[in-house]
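Look for chain A in each of the two complexes below; its partner is chain B in the first and chain C in the second.
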Partner chain A sequence: MAVNRRADAVVIGGGVVGASIAYHLARRGFGRIALVERSYLASGSTGRCGAGVRQQWGTRLNCLLARESVRMFERMEDELGYDRSIEFKQGGYLLLAYTDREMNQFVKNVELEQSLGIPASLLTPAEARAIVPMLNAGDVLCATYCPTDGHANPFHVTYAYVGAARRLGVEVMTFTEVKGIVVENGRVARVVCDRGVIDTGVVVNAAGPYSGLVARMAGVEIPFWAERHQILVTEPVEPVLRPMVMSFSRRIYCQQTPHGSFIMGMADPNEQPGFSTESSWKFLVEMAREITRVLPPVGDLKVVRQWAGLYDMTPDAHPILGATPVEGFYLACGFSGHGFMLAPVTGRLISEIICDEKPSIDITGLDLGRFERGELVVEPSVV
Partner chain B sequence: MACTKAEEAPGGGAAARNPVVICRCEDITLDEVRDLIASGYTTMDEIKRITRCGMGPCQGRTCRQLVLAEIAKATGKDMANISPPRFRPPAKPVRLGGAVAAAAPDVERGEGDGRE
Partner chain C sequence: MTDARITTHPILEFKEGRKVRFTFDGRELDGYEGEPIAAALHAAGVRVLGESPKLKRPRGFFCAIGNCSSCLMTVDGRPNVRVCTEKLREGMCVTTQRGKGVLFAND
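Then we have the complex of A and B:
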C-alpha cells in the first residue's frame, strides 16, 4: 500500500474514536481522508474495553453526549450498512449506592438526567433486586436504573465505521505509525509516518492513551495521562443478567454479553500512570472478591481470559475536544474511561468543527483552553 | 466481500458450504474464516475479534495454527511472519469463587455465602 502524498485530513488512531471521525468527515464530503493506525484496527483501548454505554452521568455535558450517542448506536447498523451485528444490547445500567455520599449524588444525578429526557429513575434495594434477582441487596442503600443504557461490541462498532468510511473513499492505513507532525507558521503542514510523508492541512489526534505523545509532536502540551485498567471474561452461560451492574464506591462493573459470557472490570485506586498492559493475579482475586459479594452466583462462573487496557485520563474526567493553538490540529482524546460510548457523537462533533459548522451540541467547555482558564467540568460518577 | 460469497450458496451460509469446524469452543467454520480473509481481515487478531475464534476456554490452542495457515495461504506470507495473538491468563479457566478462596482462605472463610 503506497502512502498518500497529500490528504485533506489525516486522522491519527484506528480505534473507535478515529474510525468515527474518519467516517463522519467523509460523510460531510471533506475530501481525501487518511486514517492512520500503527497496528491493526481496534488494537488499542477500544479492543480492550468494557464497551458499556450509559447515560447516567453527573454533568450535563456527559449526559447530553451520551444521550446522543445512544440514539446513534440504535441506528448504527442501518446508517453504516454493516452486514454483521454491532451487538448493541439495551439491557439498562443498574448503579448501586453503598454510602450516603453516593446516595446524595444519585439523587442529584437522576434529577439532572430526567430534566434532559433520560429515562433514569431512583430505585429501592428491593426494586433493584426485581431487575437483577441475583443481586445481594443487603448493604445496598439505593440504586438508579436507566433502561435504554447498554453495551455493544467494540470490534464490530469500529469495523462498521471503518467499512463505511472505506466505501466513502477514506484510505485506511494500518501498520503505519506517525512519527512526527510538521508545523509551519503555526499551521499543520505534514504528517511524517514510518512509511512515508503525508502533506495535509488538518490533523486529528485520536491516538487514545498515546494522544499526549502525539500532541507533543505538534508542540501542543495537554494535561493527560494513561492508566492501566484490568478486565476479565468468563465462559458463556444462558442469559441471566440483563443490565450492566456498576458501583462507584466498589469501583466495579459487570455485564453479560449477548454471547453469554460475563465481562467485568475493577479500578485500582493505587494504579500509577503508565503504559503497562500486564494482567495481574491481584486483580483477579480482588475482582472475584467484590463481584461474589455483589452478585454471589457469579462465583460459579469460570474465568477464561483476563487482560488490561489503558484509560486516557484528564484532570476532570471529561474528554478534550476541538481546536488547539496550532491551526489545523484538533484533539479528540482524554475520554477517561468512557470513550467507547462517546465515540459516535464525538465523530460527528469533530467533523462539524473541522467543517466550520456550528456543533450540534455546544462543547466549547470541553476545549483544551479550559485547563488554563481553570474551568474544569468535574464528573463525580466514574469507575 | 462476505455477502457476495454467501449469495453463491443461497439459503446456506458458511456452514452449509463447508462445515469444517476449526474452532471447537466457539463453533467457527473454515469457510467463515476464509470469507473474512477474502474481505480483507488478514490478521489473526482481527479474525479472533470478529468471530471469537480462539477466545473460548482453550484460548486457541487448536485453531490459531489453522487460522495462521489460512492467512499464510491467502496472503502468500510466510507463517513465521504473521503475528499470532497473545495467550492471556489464566492458562486454564478458574472459577471466580475459587479465586477468592485460594487467595485468602483465612479472611474469606465463614464470610459471605459459604461458597468453597
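Then we have the complex of A and C:
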C-alpha cells in the first residue's frame, strides 16, 4: 500500500513516547494524526526497557515530570479505556548508597523530593532491610525509599495509548520508515516514507535512539548519542521483592515483575556510542556477580534470556522537549534511559506546546537551545 | 520396582554410585549417588513430579535432558530444580513444588 496523503501532524516513532504524543494530540482534537513506526509498536527501546517508574531524582524538573507521570500511570487504564492491565505495580524504589558522595547526594535528593510532595524518605540500612529482607545491607551506608514509585509493562502501556489513539482517529502506520523530511522556507512541509509521502505542517521526532538521525533529516543537529544497555530476565518465582532495587555506584537495578520473574540491568561505563543491540557474555557475568552481592538469594535463579536496548543520551541526561529552529518540527527525545517513565507527561506537554497552550509544567529549560546557551540541567542520579 | 530403574540415557551418563537415602515429600527413599534425582524417583514409582503453572495439572518426566521445565521441584529449599539433570546426594530433601517456587522467606 502506497501512502500519499495529508496529515495535520506526523509523529515519528511507535514507542511509548510517540504513542503518548499521538494520543494526547488526538485528545486535544488536533486533526488528522499519523503515527509512523518503521518496525512494530514498542519494537525499539520501549519494549527492551527496565520498565521502572521513579520519582526520586536530583533535579527539580525530573522530579516534577516523574511525579506527574506517576499520577497518570495510576489512572491510565481508566483514562485510556484499556480493558487489560498495564501491570503498574507501586512497590516503591529502594535506592542504595555505598559511598559518602552518594549518601550526601541522597540527603539533598530527599530534601528536594519532599519539598515537591514526593513521599520519599531516607532510611538506615536496617530500615532498608525491613523493606527488602533479602538485601545484603552489610556495606550499605544508607538508602532512600519512595513507596509510590514502581514499574509497569511497557508493551501494555504502549498498546493502551495506541488503542485509545486509534479510537480517536489516529492512523497508525507500522512497518513504515521515514526516509526524509522536507523543509520549505524554514518550515516542515512533508515527510517522505518508504511507502509514500505525507504532506504535513507538524512533525514530532520521537524516534528514541534514532532521533539524531531523524533530526538531521530536517537539518537540525542535536547533541545526542545512542548507547547500548543490557538487561536480563530470570525464571519466575513467587512474589518476594516488592520495590525496584537500585544502586548508582554499582550501576545496577533489579525488579520482580507481577509474573514473578526478575528483570535486572547494569550499565557499562566503557560502553561506546553506537547502535549495536548485541548481548554480551561479559554483561551476564558482571550482572550476576553484582546482583548476587546485593540480593544474594537471587543468585539461585536461572536466567531465561538476556537482551539489549538503546538509551537516547544527551549531555545532561535530561530529555530535549519542544520546538526547534525549523518551524513545525518538534523534539521529544534524549530521555537518557528514562523515556518509559516520562512518556505519559511528555505526551501531554508536547501536545500542549504544539497546540500553543501554556505547558502544564514549565519545561522551557529542556529546550534544544539550552546546549548552545550552556544551560545544562545535570541529573546526578542515573544508571 | 527394580524394573523401573533407568540404566541408560542417550545423553547423560548413569554411573551407579553407592546407595544413598533421601526424602521425597517426607517419604524416605533409596537411590544411587550421582544418578539424576528424577531417575531415583522413577525407580521408586513416583510418576508425578510437579504441576502445570496455570491449570495445576500433573506433570511428569518429559524431556529428561533439562530442557522442558516439566520436572521442576524444590530440593533442599531451592525452588525450580530440574530433577532430571540434578544429581542425587545423600540426605537430599526433595519436595513437590506448588506454584512458582519460593526463593526466599521474607519473614
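Keep this in mind: the second predicted complex is superposed on the first by the 380 of 383 C-alpha atoms of A that agree within 3 Å, B and C clash if a C-alpha of one lies under 4 Å from a C-alpha of the other, contacts with A are read in each partner's own complex, and residues count from 1 in each chain.
In this section, a contact is a pair of C-beta atoms (placed from the backbone, for glycine too) under 8 Å apart; a residue touches a chain by one contact, two chains touch by 3 or more.
Please read all numbers here as calculations on a predicted model, not as lab measurements.
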(Q) Looking at A:M244 after the superposition, I want to know if it touches chain B, chain C, both of them or none. Which is it: first, second, both, neither? (A) neither
Q: Look at A:L368 in the shared chain and tell me whether it touches chain B only, chain C only, both, or neither; answer first, second, both or neither.
A: neither
(Q) Tell me the contact category for A:Y159 with respect to chain B and chain C: first, second, both or neither. (A) first
Q | Partner chain(s) touched by A:E235 [first = chain B, second = chain C, both, neither] | A | both
Q.
Looking at A:I320 after the superposition, I want to know if it touches chain B, chain C, both of them or none. Which is it: first, second, both, neither?
A. neither
(Q) Between chain B and chain C, whom does A:Q306 touch in the aligned arrangement: first, second, both, or neither? (A) first
Q: State whether A:V188 touches chain B only (first), chain C only (second), both chains, or neither.
A: neither
Q. Does chain B (first) or chain C (second) touch A:P133, or do both, or does neither?
A. second
Q: Answer with first, second, both or neither: which of chain B and chain C does A:V298 touch in the superposed model?
A: both
Q) In the superposed arrangement, what residues of chain A touch both chain B and chain C? A) 235, 298, 300-302
**Q.** Residue ranges of chain B in contact with chain A within the complex
**A.** 2-3, 43, 45-46, 49-50, 52, 55-57, 59, 88-90, 93-97, 99-100, 102-104, 108, 112-113, 115
Q. Which residues of chain A touch chain C in their complex?
A. 133-134, 235-238, 240, 260, 297-298, 300-302
(Q) Can you tell me which positions in chain C touch chain A when the two form their complex? (A) 78-80, 99-104, 106-107
Q) Taking the complex as given, what residues does chain A use to touch chain B? A) 40-43, 47, 83-84, 136, 155-156, 159, 233-235, 259, 279, 281, 284-285, 287-289, 291-293, 296, 298-307
